[in-house]
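Would you mind keeping the following structure in view while I ask a few things?
Order of writing sets the labels: A, B, C and D. Residues in every chain begin at 1.
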Amino acid sequence: MDIGFSPEETHFREECRDWLHAHVPAEKRPLDAADAIGFDKAWQRRLFDAGWAGINWPTDYGGRGLSIVQQVIWLEEYAAAHAPWIGANFVGVNHGGPTLILNASEEQKAYHLPRILKGEAIWCQGFSEPGAGSDLAGIKTRGRIEGDELVINGSKIWTSFAHVADWQELVLRTEEGSLRHKGLSWAICDMHAPGITVRPIRKMSGQTEFAEVFYDDVRIPLTNVVGGLGNGWKVAMSTLSFERGTGFIADQVKQSHEIEELIAAARANGMIKDDRIAGHLAQLRAEVAAVRAMTYRNISEVVRTGQPGPEASVIRLFTSELGQRLERMAVLLMGEAIIDFAYGDDDAVGDYLRGFAATIAGGTAQIQRDIIGERLLGLPKSR
Amino acid sequence: MDIGFSPEETHFREECRDWLHAHVPAEKRPLDAADAIGFDKAWQRRLFDAGWAGINWPTDYGGRGLSIVQQVIWLEEYAAAHAPWIGANFVGVNHGGPTLILNASEEQKAYHLPRILKGEAIWCQGFSEPGAGSDLAGIKTRGRIEGDELVINGSKIWTSFAHVADWQELVLRTEEGSLRHKGLSWAICDMHAPGITVRPIRKMSGQTEFAEVFYDDVRIPLTNVVGGLGNGWKVAMSTLSFERGTGFIADQVKQSHEIEELIAAARANGMIKDDRIAGHLAQLRAEVAAVRAMTYRNISEVVRTGQPGPEASVIRLFTSELGQRLERMAVLLMGEAIIDFAYGDDDAVGDYLRGFAATIAGGTAQIQRDIIGERLLGLPKSR
Amino acid sequence: MDLTPNDEQIAFQTATTDWCREHMALEAARDRPDGLWDQLEAMGLPRLTAPEANGGLALDHATEALVFAELGRFLAPIGLLSSAVANRWFAEPFDGKVALALTVEEPGPLRVLDPVDSAAVLLLQPGSVRVFDIPDRFLNQMTRQQHVTAHRPTIDLSTMQSEQGWATTAVWTEDDVRPPLHLQLLAAAYAVGCADAARDMAADYARLREQFDRPIGWFQALKHMCSDMAVRAAAARSQLYYAACALDENAADAAFHVAAAKRLADQGALDNGRANIQVHGGIGMTDEAAAHLPLKRAHLLQFIAPAAREALLA
Amino acid sequence: MDLTPNDEQIAFQTATTDWCREHMALEAARDRPDGLWDQLEAMGLPRLTAPEANGGLALDHATEALVFAELGRFLAPIGLLSSAVANRWFAEPFDGKVALALTVEEPGPLRVLDPVDSAAVLLLQPGSVRVFDIPDRFLNQMTRQQHVTAHRPTIDLSTMQSEQGWATTAVWTEDDVRPPLHLQLLAAAYAVGCADAARDMAADYARLREQFDRPIGWFQALKHMCSDMAVRAAAARSQLYYAACALDENAADAAFHVAAAKRLADQGALDNGRANIQVHGGIGMTDEAAAHLPLKRAHLLQFIAPAAREALLA
């Protein structure tokens, strides 16, 4: 056990820092998906051209083929440099891409992966449905096989960046009458295909980032199915377990910066003199440290065994709730100024309002606690 | 709506105060049931002789027949005077007696009620069993009918004062093969009957107050059944709903005094200068006020309609958890001195340790939340 | 001693709820009809406790608190709070709405809530309330700049704000602890209504929404979240009633009880507001659903006559 | 960077757990066998990080933290903490157990924990640790009274205490931040073990105990209570490992990381200790069940090298 980095890793860190210092855009990333799309694509292209996109992706598909530790170093420096959120490229780079790497055919990988890394193709996620949120296996969107095509009908919801996306990772029921986890497939859906309607949904913070997607006899080639027909649950879970493992490193790195900024702000406005505020900040700082320690531990596990340890679900839950505590503290430190919040403001209030998603999206905190109780502690399944 | 008292009520309050001032014993009540029994009986007798036992009990059975408001006034003055907990008389005066008043025959009432009020007969409660705690309807102790007798076999647990009691309010299964709430009866069991074995259980605070009770062919007359054979669940619930209604007034009145003592203690030792301590105390004082307001509201409801409102379960839950918060604050204010706690000490640490019972005994906090969700909010039953 | 509302009070409360449901639905909070204030005026709502000589109904604070909790449940205009206080404690007539300013160190510029169409603005000060006229423009005494009183949104989607300078022409109350307590009581009543609204919205959704082939309210985790919302709302409401009675009787500890009511009501409104969104899941985070409305209102209410720790420990 | 224990560390950890289970069961914490300390000494547990020259194993703090967390899980003697620190940082040999004194303003009398059979006592001071001999009797410098060092119980049923005067004859560390951090780290390890013990006890019971014809762990309310215990224990344990590595590397922020570990471990031990009793229900409140033992130990541990807010904000 050690917390040091090798000379090679330290050198890599300096490389990251230097490049970021010179290239992080001065202007702020727009919050609305429609406004941000140009910014996001340009920034991703810039990262790609300089060799920073896909640090731990295979070199065959445009990645650098470096270690996960180097990926973490990059993310730490990225956050330290206040580089912009990758935004519309999030799903492709962090979900769709890794799923393809694990499950797709050579042809699928060769076509899609470089386009994702270059910011040329924007991806979105089509998992949740109006009737299948926490109960993901309740999926009803169906794909009828006609010749060498899938004909899709149904709807998806909470699809971030749907209205600006080119491709969608879509989980749908391809076996008529199948139940729950069976008979599902994971397919690459062309978002420009006829029959797709996107209804953007505004968030309570004012941004329009996610949408409802309707499919009316949408046709995609059968060859767009990834991992084989009927294996959709397994393929989707490979993405989700990635999310639960190391996919949230960036969030955790961000929290390390946020707590320092909060402490500085409380010192600046004098609120740290209140023992309750100081006590809370001290507590939050300890918790942020623990998240970092857990993340490092989990990464070490990946390095050793190739996959995250069973405690990845603990990190996921702890990080999401800690994020909300940090956002609440930020709002508390604003005092009365919170009243001035107006739709679309990119301030601590906006972060706080958007932050409600952390314990809802991708499995509510309640579902996470079920998983921890059942998988880590062996308690009987309730559902 | 008004919070004032009538001149008659105010006069009654003065009467209470004067008598208590003159008669509250100087010595502390012993904590162990075996040591306390003599003290408890003598104090109860003294209360009875002066007309303070059974203020709102019917006059026919030795009570004063006064209003519930006067009962509350008495309890407020009782707490203010630091009068001792009624201890071993608790079950008879607060559970068994009220159940008899509501459900028993004239003969049963005439025999038992005056003995309870005078402190001559100590009662204990036989509801919980080793396999039936939160799941009260899982009762297995059975009573076989033989001629005009019930022959009892089985065991009960968490029976406070069992080893010093004369009578027990015993819920048992009198219909062989009956399930859940059906086929139960509520009977008066003679604790001196042959075949009863009492195994006292020590608490983690060091006191021995409750016990396990074993029944080996214990015979009691069938006439000891209250409310009719097979009606045990209904009769037991009449006691429990009383508990949930106004039975906890004494606890709530005590909390009003405790918070003032905590604030005084924090001022005395200077810990109130810590904003966190001061903030917690302020919060606790507001919560204690709310419990009092809820209790008054509930009493007003009883005065108007004859029974507690549906929010009685809210008061029950709030009071039990608030009591624990107060106990934790008391321990916090002790600082390092908590280390000196030794078994049997009658200090804030003992209160804290005994206080874990508040969210366990008589229905855990989890069961209380189920009840609130289902009965107040109409959510579907989970069990 | 009787803390249950009497028949007359219950009738008034029920009538208020019914009227609100029809004319002032929570879901429409961000877009109130033009004539709303006139209707509220016509029903006497800003003058429930005002003396009859001033066109008031001269009711007690207990009744007023009951009614304002119902109004708060539908996110009624913030200006009702300040108007009710102004009409109760000043002999001179305020013709129309009195906006509400948040406490400031004099003579700084005021943050004026719900200023649209207001004739005047009420400011809470230690031991007193003060009412200023609302001019078209004002001089910021610190920066010496002239400002137009433009209206801007607040976090609460049903409330606008503007900025205004401290004026020397004002009326204020003196030697009476009740006017500031009155404002704190009514703000607490609004917060209690807000906590109630969030609780009911969450429970309604938990009964209907199904996941895993069951209503989500069947699951103990969500059920208990709703139960805790019920506990917070019930505690705050009982304390509100008690505080209202204490104020009616001018009890020595009225200031403590009103502060306790405000503290518990604010917490109930905030915590229930947050829990309501969690119970709603994805839909709770959207602008089109109403779950965010009580939460945002709660964030505004916490700055209106907040409960000071000193008042709670006094 | 590697925060997973290596094979050697895991082997040591497992061996410790196995030995403890057999010879030092948590359930028997209040009645330890006479020869226990000699066995702990024989295994080198109070000298894991002590230099080889002093008969130590010269291991790193990372390994030591792993092992002490296991020891803590079985409520091992408090004297192991102080003995390990004394043996590590002082050249002179301490033959036998070194008891632990809680921090006092000098020269007040010391509260000495686990003093039975101790040759000396270690006291944490700002920036230093100090070791005194233990006399049979002492002079209270404030009251000028002679006291016999009688042994009294503490809230932790496996730990006795005595009182002792400040002595002028002592050894202490100078100009080294590590000795005090070492004590804080080991106390944190004990608390992590304590949190683990409570979590495991609760989960075991929730799997077995049935109510309403199901294991109680099936009910989401209890399941989530257990999950939260797992979260607290996991967070504290990861931070403990990280802090141990930081101390091994003498990192600039080691003091923060050790303090963070102690804070989270103390909270985990207390909160898990309480939750464990609630999960157990009636049986959890009894003396005969073991559920109260980790809670009481947690209450003691929080006073041993507590994490100061200043260290967490530094």
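Heads up, the rule we're going with is that a contact is a pair of C-beta atoms (placed from the backbone, for glycine too) under 8 Å apart; a residue touches a chain by one contact, two chains touch by 3 or more.
Fair warning: this is a prediction, and the values are worked out from it, not measured in the lab.
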item: Pair exhibiting more inter-chain C-beta contacts, B-C or C-D; value: B-C
item: Farthest chain (mean CA position) relative to subunit B; value: A
item: Averaged-CA centre spacing for the pair subunit D and subunit C, given as whole angstrom; value: 51
item: Subunit A and subunit C, separation of their C-alpha mean positions in angstrom; value: 39
item: Of all residues in subunit A, the ones touching two or more other chains; value: 279, 366, 369, 382
item: Residues of subunit D engaged with two or more neighbouring chains; value: 219-221, 224
item: Chain contact graph, described as a line, ring, star, complete graph or other shape; value: complete
item: Interfacial residue positions of subunit A with respect to subunit C in the complex; value: 128, 131-135, 138, 157-158, 201-204, 206, 336, 338-343, 349, 353-354, 356-357, 359-361, 364-366, 369, 382-383
item: Of subunit D, residues touching subunit A in the complex; value: 1-6, 9, 60, 62-63, 199, 203, 206-207, 214-215, 217-220, 223-224, 226-228, 230-231, 234-236, 238-239, 241-242, 244-246, 248-249, 251, 256-257, 259-260, 263-264, 307, 309, 312-313
item: Residues of subunit B defined as touching subunit C within the complex; value: 1-5, 9, 69, 263, 272, 278-279, 281-283, 285-287, 289-294, 296-297, 299-301, 303-304, 311, 314, 317-318, 366, 368-370, 372-374, 376-382
item: Of subunit D, residues touching subunit B in the complex; value: 102, 111, 152-156, 161, 210-212, 216, 219, 221-222, 274, 277-278, 281-282, 284-288, 291-292, 296, 299-300, 303
item: Subunit D residues within the subunit C interface of the complex; value: 219-221, 224
